[in-house]
Amino acid sequence: MSARNSTSDPSASNVAKFKSLDTKIQQVLREAVEARTFAYCPYSKFQVGAALLCENGTIYRGCNIENSAFTVGICAERTAFAKAISEGNMKYKAIAVIGYQEKSFTTPCGACRQFMSEFGNIDVYVAKPELDQVLVTDINQLLPHQFMHPSSDYTF
Amino acid sequence: MSARNSTSDPSASNVAKFKSLDTKIQQVLREAVEARTFAYCPYSKFQVGAALLCENGTIYRGCNIENSAFTVGICAERTAFAKAISEGNMKYKAIAVIGYQEKSFTTPCGACRQFMSEFGNIDVYVAKPELDQVLVTDINQLLPHQFMHPSSDYTF
Amino acid sequence: MSARNSTSDPSASNVAKFKSLDTKIQQVLREAVEARTFAYCPYSKFQVGAALLCENGTIYRGCNIENSAFTVGICAERTAFAKAISEGNMKYKAIAVIGYQEKSFTTPCGACRQFMSEFGNIDVYVAKPELDQVLVTDINQLLPHQFMHPSSDYTF
Amino acid sequence: MSARNSTSDPSASNVAKFKSLDTKIQQVLREAVEARTFAYCPYSKFQVGAALLCENGTIYRGCNIENSAFTVGICAERTAFAKAISEGNMKYKAIAVIGYQEKSFTTPCGACRQFMSEFGNIDVYVAKPELDQVLVTDINQLLPHQFMHPSSDYTF
């Protein structure tokens, strides 16, 4: 196992069988699989899909969108959040992320973890498109010791 | 006039009256005004809205979404594009951008120009929420000498 | 304690007294304090400094650099890494990060954790400018379940 | 000619012979060629170098630094600026950018144009590593109608 792949606290997350999950979560994962087909990734050829479940039951789908200048692209998770937020949906329950890597789960990148953490802790489900094994975790586990802007400077 | 505000080629763009514009463009601008109300900008308090007109007539709305770690946020223009792309709409005609600055137009930032340029040249309409004067330009004018990834390396 | 501030695995990191640390680490922390004075942060007024210790003993300093378009800025940690990399120094031992927040440690944002994880696991020391209490952690703890690009596609 | 490659105002920039340039600018271009060799770009294999000339004569070198999560990387231009800023050098005269593309100049991406514009207008020299033809332009030409944050909100 490489250092980069190690998990400091393995017990903090679980791998579950897709069929053992709540049916609503199964639907969210299926929508993430569909969302993935819209990925615009001519540079990496690496397709990622996401589906964000809001507290009111609405699901927003996202895919990764690359750019010839790599740093300007957007990931699938942020696309899904941006859709929800821009339509006034600000309360979330869970996000599903789908990518295909033979030997590892396609977890959210650090930038997405930071972006998502702004809106509180939600469950995160990560799987391959065949929807068999699912990594079950949450934002707080994925981003411990979160950076918080000095809140006293701002009124929300 | 400050150096940062100067325009190297003033003739490359025009300021038009809102009422003189095509009625479809007027609608796009109005939707951008509405989109702006969803902005999540607790750090800057600076709300921006965008509305992207696809070739098939669909309009996607976006707003800016900030983060406590500033670099991880998303602008209104990218939000609108991400929504369209993640639903399979890849052909665009125009984008409207709405922000309120007393003395200047809230033009797209360089990152958004780069992001949008990936998908070809479209018209860009920039106005204040009161929809009076409208800066009319396009992506090619906003991003001359565009960076292009060595295309021979990629098959689209 | 807010949800955003909670740590899923408190035992994964420690708070140490500055004076109890290795003298080289003390020096790295002091250089981060000095680096912080160069922060360009007219928008947030929130100064951050970093100092990166290379395996060969060289220390590179960084500060945060903001932009009127927030997403385009750079954090202190990435500045320090960029300096080292652009001078051919690719092996690291530790990074120190200094910010002032009354009630919390100014930990690296998710984007910086992602950026740093590319170069392996190193120790991370986080403190306030007065250099009293120091949060001692590392990249793997700060970014569990790291995203790894499908390595089979690339030859390093 | 593709739409993405067109220039709205060709007269706004020039292509000069390397040997016709000021000797200091020739040196800056040569340093950018050397800086390019440090590029960390395992994903694109596309090396870029930059060298930033400060008003006091100091030259800072930068290279592009990629990340497995593409959006988190840094370009050569921003690396050079970050080095200068983090050492207190805030006044610039020119930047040189070197990349190899057979048929086009490797111009700064939109994110870098935005980042650089924060610090005023400077000359930009773009060339291939063989240092023959040099595109001579400046930030204002590369980023017309710049976005400016509502300055009344901030005191610099």
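Each chain gets a letter, A, B, C and D, in the order it is written, and its residues are counted from 1.
Definition applied: contacts are C-beta pairs under 8 Å (C-beta built on N, C-alpha and C of every residue); 3 or more make two chains touch, one makes a residue touch a chain.
From a predicted model like this one, the values you see are computed outputs, not experimental measurements.
K.L.:
By mean C-alpha coordinates, which chain is most distant from chain B?
P.N.:
For chain B, the chain whose C-alpha mean is farthest off is C.
K.L.:
If you average the CA atoms of chain A and of chain B, how many Å lie between those two points?
P.N.:
26
K.L.:
Between chain A and chain C, what is the gap in Å from one C-alpha centre to the other?
P.N.:
So the centre of chain A lies 24 Å away from the centre of chain C.
K.L.:
Taking each chain's centre as the mean position of its Cα atoms, how many Å separate chain B from chain C?
P.N.:
Roughly 34 Å separates the two chain centres.
K.L.:
Taking each residue of chain A in turn, which ones touch at least two of the other chains?
P.N.:
43-44, 68-69, 72-74, 109-111, 114-115, 147-149 - these are the residues of chain A that touch more than one other chain.
K.L.:
Given which chains touch which, is the overall layout a line, a ring, a star, complete, or other?
P.N.:
complete
K.L.:
Which residues, counting only chain C, touch chain D once they are in their complex?
P.N.:
35, 38, 40, 42-43, 61-63, 65, 67-69, 72-74, 78-83, 85-88, 90, 111, 114-115, 118, 147-149, 154-156
K.L.:
How about chain D: which of its residues touch chain B in the complex?
P.N.:
3-9, 12-13, 44-46, 101-102, 104-115, 117, 120-121, 135, 137, 140-150, 152-153
K.L.:
Provide the residue numbers of chain C that touch chain B in the complex, in ascending order.
P.N.:
Residues 43-44, 66, 68-75, 109-111 of chain C touch chain B in their complex.
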